[in-house]
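Listed after this line are the structures, all set down as structure tokens.
Two complexes follow with subunit A in common, the first pairing it with subunit B and the second with subunit C.
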Partner chain A sequence: MSLWVDKHRPKDLMKLDFHKDQALRLKNLVQQSDFPHLLVYGPSGAGKKTRIMCLLRELYGSGAERLRQETMHFTTPSNKKIEIMTVSSNYHIEVNPTDVGIHDRVVIMDLVKNVAQTHQIDSSGQREFKVVILNEVDDLTKDAQHALRRTMEKYVATCRLILIANSISRVIPAIRSRCLTIRVPAPTENEIATVLHTVCKKEGLSLPSELAMRIAKCADRNLRRALLMCEACKVQKYPFTSDQKVPEPDWQQFIREIASMILTEQSPKKLGEVRQKLYELIIHGIPPDMIFSGLLCELVRNCDMSMKCQVANHAAEYEHRMRLGNKPIFHLEAFVAKFMAIYKKFVEESLGDAF
Partner chain B sequence: MQAFLKTGKLSVTDKPSTSGTKTTKKKPPAPWVEKYRPKTIDDIVDQGEVVQVLRECLSGGDLPHLLFYGPPGTGKTSAILAAARQLFGDITRDRVLELNASDERGIQVIRDKVKSFAQLTVSNTRPDGRPCPPYKLVILDEADSMTTAAQAALRRTMERETRTTRFCLICNYVSRIIPPITSRCSKFRFKPLAKENVIKRLQEVCVAEGVDVGDGEVLHQAVHTCDGDLRRALTALQCCQRLLGKVTADGLIEVTGLVPEKLVDEYLKVKNYNELEQFVAKFLMDAYSASQLLEQLSATVVNAGHLTNKQKCDISEKVAVCSHRLLDGGSEFMQLTDLGCTIIMANNNP
Partner chain C sequence: MQKGRKWFKPVFDIVENETPKESKNIPEKKQKVYEEKSLGSNGDANCKMPTINHKNWMKNFDPVNIEDLAVHNKKIQEVENWIKDSCKNTCNILLLSGPVGCGKTATVRTLAAKYNVKISEWITPIDIELPTDYGEYEFKEKQSKKFLDFIISAANFTSLLDNNSNKLVLIEDFPNTFLRTPSEFSNILQQYTQRAKSPIVFICSETNTDNKNAAVNIFTTSLKEQFLIQHIVFNSVSVTGLRSALKRVSDIISKKYSAMYNIPTTDIIDSVVNTSAGDVRSAILNLHFASLKGINHNLETSIVKESKVKGKTKKKKATNKFMSLGKDQTISILHGVGRVLNPKVLLDECGKANLSHPPEDIVEQFLSSPSTFINFLEENYLPHFSCINDVDKAVSTLSDADYILAEWREKYCQEYGLYIAVAGLMLANKSPVSAWNPVRGPKNMNVQYPSLQQMPLLDNSYLYKGKVLVTDYLTYCKIIGNKTGCEESLSNEDEIIE
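Right, the complex of A and B next:
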């Protein structure tokens, strides 16, 4: 038994639930004789991968769905052996180059070269190119992105790239200008609710519309999360009731707890406790930038305008430093300490005014 | 056995048909940028003096070492490629070495590849007996991304092989080329293209491709979104045509990844933190790019009539800081919130 997210994933471009006119355009694109490199970007859970898999199916037929996993080995110029997992079919190969950290350039150059140098033997029945899908292009190093730009032009005859990114801010313009960029906005809450309804209908369950709406609200416009939440709800309690509790991701609750800890007391002792908690979050693999934005959202709730600005200013500054440095905990802690200082001063001043 | 022979036979009869389909298969169409690259130097839009000099060379004069610089999409590469084709005709391939940033161009390549290419002597006739200039051409595209060491390695080679080789360096920022090289070349600045000329050129391409662009409105939009960069404008037009089947102003904005003006204005008019939070969340969910927003915002802020100089100052400074942080990989949410706060403060205290 698979999760609903996988089980009810649309397999055909025409069966997608939202952005239908975009799907139609993609379909037209496939039918034209030239297929450009694509750069698909949008927030997570917006359906980027689903669209790409549909597109591949449209290009190659159902053969693109027979997937196998392989581990590939590469050697860096400094003779370091690296290995990386790939998912591939006869027609495409998908890889996540950021898995190997700073050696992503080697992976990109070797992998694309490998794929591009093997021609389709008999291309009469099918496309003359293969597809390489690269995930998380926005997190690639600048080196790797520059390598990509050369590879893209060189092997255009035998291979097409589909790049997936969360945002194109960090993709260099040279790559952007070589691709057809496709923006996939997140689904609206109503769209999510509709999808939840159809999935539940397929599963033979009845879903009250208030509950659907609430799940959609909690899911932060992320369809994948919404479906997972819905399934979790079903495990918790079925038949559904409209006032049922919607389970939140526990890291969000955890961040909220941390925020309330910070707000109750501002002292070095508390800072130590907060540090423990932050460590726990990091150990569980929550990305530090999500912790940062979560904390900011929670902390600014009961501040006045000028303080909010100060806090946001410092948050942005520390977050930037976190990117440059390599130990997120320092910068998270620095931000917490800074906030405590600002907040304490504010509280003392307002108390002083009262007396 | 029977079946084996039979299949053998079948495959024999199959063969011609497959090869037949193969020959009839048409090549994928080239990008418009390549398709409509100027064939002769007279096709180059604007850039009078450069064309003048190149024309002089074509009519028998000597070609100096060249250094072309200017913003992207103004025809630097096109100019030299067209000139090379006119100079050498069908032996262009033997006489021209083109290296761009995507090729390996460390000091080693300059020493080995470029030097050995430069040392070859060439005759002043073509294989078929017609005359041609007795030199070769090395084109170093995007020369500003060459390392200083590699540029330094080029100095002596340039001088020693003048008899047989001319160099043409192309770059966006002339300041990144070391002075000894610039002093060896005659420099040409490529100006950003005039709006009317870009529009004229785009119109020609559209007519040739059979694309309906209606009145000038859409083309104006194209030029506006690409400020003077002809290549970007052409690519945008082609993408739009390919994706939507027609070219519209909205389509152009979509394919170039621009942020709609409405959103920029909205961001600039945010009043309180709640509004800002909502705006940022929505903005990111719709997958617009924050760095693009900053770029457009700075243009809007500078020209905005309703802001005082102090406000403009504050906002612009923050835009610069945030854009720097974004480039370093800072999270878009944080930076947009930070900038938003500055905008709110600026709006509240004129």
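Right, the complex of A and C next:
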């Protein structure tokens, strides 16, 4: 059995549940047999990939749905062998170049070259180009992004690139200007609730609308997470009750624990313990920006207005540096230390007032 | 020495004549020099020459006996055993590695002299391509081919002019081609072990920062196992070893060369020992420079700087350092971390506080890449702080530093980043904790995303992003997967919900 989120993924542009006018535009775009490179961006769980797969189906017919998984091998200039997982059909190939870390440039160049040099076997009635889908383009190294820029121009005749990113702020302008950028905004809570209802209907379940709203709220406008939550709820308790517990991701609980640690004691020793916890999160692959925002949300709950402003100000500063720097832990730790210093001062002052 | 060279040259002359005819047009063939050095009599011959004008005056101080070597006795013993074992017509292979100037070559040469073994050393010829008169490039043998020819003929044929039968081939200068294609090297070793009848010694200098480290790149573990290569690692020379070696040099000076040199005082020897960081060769060079005559004595004292530590209880010795000669003083990572995290403040006459090691000195003396050093600092700074406000200041400078270091294309950014981190950490700590804190290495931050095998619920033909797997799928797949697994076995939902 597969997960609801995979099972009920819409396959046709016209059957998408939200942003319907955008879907229509995409359909029209493909109607004219050709399209430019695309840069699709939007928050996680907004349906970027779903839209792209629908687009491919529109373009190539159902052949684009026959997928196979394949491991490709590359050799870096320093003779290091790297391998990367790809998913491909006869018409497209999809890859996460960031899986190989700093060697992403090699993957991008070789992969695009390979694809671009092999022409379609039967070009009659087919499109003349293949499609390369690159995920997480905003996390590529600068080096890889520049390489991408060159390859984009060179092989434009035989392949089209579809780039997927969460935010285009870290995509270099040269790439942005070469692509048609399409923003896929996150669905509203109402839209998520509607999707949950339709999915439950298909599964033959009845979902109380209060629970649907609560799941939609918990999911942080992330449809993927909402569907997973809904399925987990179903597994935990069915028939649904409107006040049943909605399980939240374990890393969010973990962040909450860190926040309460910070609030209990403000000392270098405690900071050391917090750091170990942060390391753990990072090593498990939780993106640092999500750690950062989660931590900030938990911490400001315990602040008064003037402190909130101060903390948010510092958080913004460190988060910005984190995006530009190399080592996220430095900036996370700096933020925690800053918060500890502010909070300690606040506590001492309020104690001083009391006596 | 001249004679020793003669027997060998004609061999190659003949080879040269056999090469295709175009080569006759080129008289500059002599650029390739196969140098043959016979060592047995070297020391004595040089000792008779009382002038410094010898082309390599360092030879004056070459060790003659084993006792003269500054290397640790145990290492000498190891090499000696190997030489004794492999004297008799074997083709054993030995690899010596160690930092520069730790006496690898000297050990081999001295021991060879003791056992009357003749050493033939390969020196890579300089290849310069010059077109012939017709504008063509002459045919050249491959470097590896020449190398093989040399080592095999050196191993198998004895010179007519010396009658000792034991030979040893020494390779210190690796042809570049092996660095590029190490597989070629194993072919050559294969041929050597089949055809040669003398032991061969490879000497590799280790450099700590360089990735072109021959000992590691060429001599892989599999290669060592395949050819039963014995690997002896030398350490840099100890202070006592250096001191006795320099004593010996000063003895030689006082006996034979007092016309050229002032006899070095113990002060000078000490400071040379301090500056040379375990490198005998550079120590002797420095000593030579420091004690040459013609330098007036005032100057000499001016180059010796004494920095005394004033504390009465501290039994720290005053260290003399050459300020104008010797290697630049370098510090290891751990040493640097210690200096930054435990800043010592000295009060000068006016009551102004100064750091005993200013940040700019530490930054200058530092060799490894700034980001590594900052990672070390970040991992270790916390236990030294007692106040969260200080930590706040310190870590915000680290954050600044990381931000600046991210721009790796600007060289200045690297220096400034390092400076900001070092100075920030040193100045931020107003109330340091003095306790023993072991230095820890930075954490390996390799992210390990879960594999698809761990989550059987996922669709096989869909490409999941690692981030998304961790943030969304992992928790819920556990809940859903557990439940479905249980359902099959128990088929009773209500019991498990608790």
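Following the convention adopted for this analysis, the second predicted complex is superposed on the first by the 306 of 355 C-alpha atoms of A that agree within 3 Å, B and C clash if a C-alpha of one lies under 4 Å from a C-alpha of the other, contacts with A are read in each partner's own complex, and residues count from 1 in each chain.
Methods note: contacts are C-beta pairs under 8 Å (C-beta built on N, C-alpha and C of every residue); 3 or more make two chains touch, one makes a residue touch a chain.
Just so it is clear, the structure is predicted and the values come from calculations on it, not from any experiment.
In the superposition on chain A, A:69 contacts subunit C only, with no contact to subunit B. Looking at the shared chain after the overlay, A:17 reaches neither subunit B nor subunit C. By the document's definition of touching, neither partner reaches A:58: not subunit B, not subunit C. Which of subunit B and subunit C touches more residues of subunit A is settled by the count: it is C. When the shared chain is aligned, subunit B comes close enough to touch A:181, but subunit C does not.
Residue contacts after overlaying the shared chain place A:340 against subunit C, while subunit B stays out of touching range. In the overlay built on the shared chain, the residue A:170 is in contact with subunit B alone; subunit C does not reach it.
When the two complexes are overlaid on their common chain A, residue A:293 makes contact with subunit B while staying clear of subunit C. In the overlay built on the shared chain, the residue A:324 is in contact with subunit B and with subunit C. In the superposition on chain A, contact is made by A:32 with subunit B only, not with subunit C. The contact surfaces that subunit B and subunit C form on subunit A in the two complexes overlap at residues 324. Touching subunit A in their complex are the following residues of subunit C: 371, 375, 378, 382-383, 385-389, 391-392, 395-396, 398-403, 405-406, 443, 445-450, 457-463, 465-477, 479-480, 483-484, 493, 497. Against subunit A, in their complex, subunit B makes its touches with residues 18, 21-22, 26, 28-29, 101-103, 231-232, 235, 239, 242-245, 254-255, 257, 272-273, 277, 284-292, 322, 325-326, 328-335, 337-338, 340-342, 344-345, 348. Touching subunit B in their complex are the following residues of subunit A: 25, 28-29, 32-36, 41-43, 46, 122-124, 146, 149-150, 153-154, 167-170, 176-177, 180-181, 183-186, 221, 289, 292-293, 296-297, 300, 305-306, 308-309, 312-313, 315-317, 319-320, 323-324. On the side of subunit A, the complex with subunit C involves touching residues 1-3, 6, 44-45, 67-69, 85-87, 94-96, 98-99, 135-136, 222, 224-225, 228-229, 231-232, 235-238, 247-251, 266-269, 271-272, 275, 279, 282-287, 290, 318, 321, 324-327, 329-331, 333-334, 337-338, 340-341, 344.
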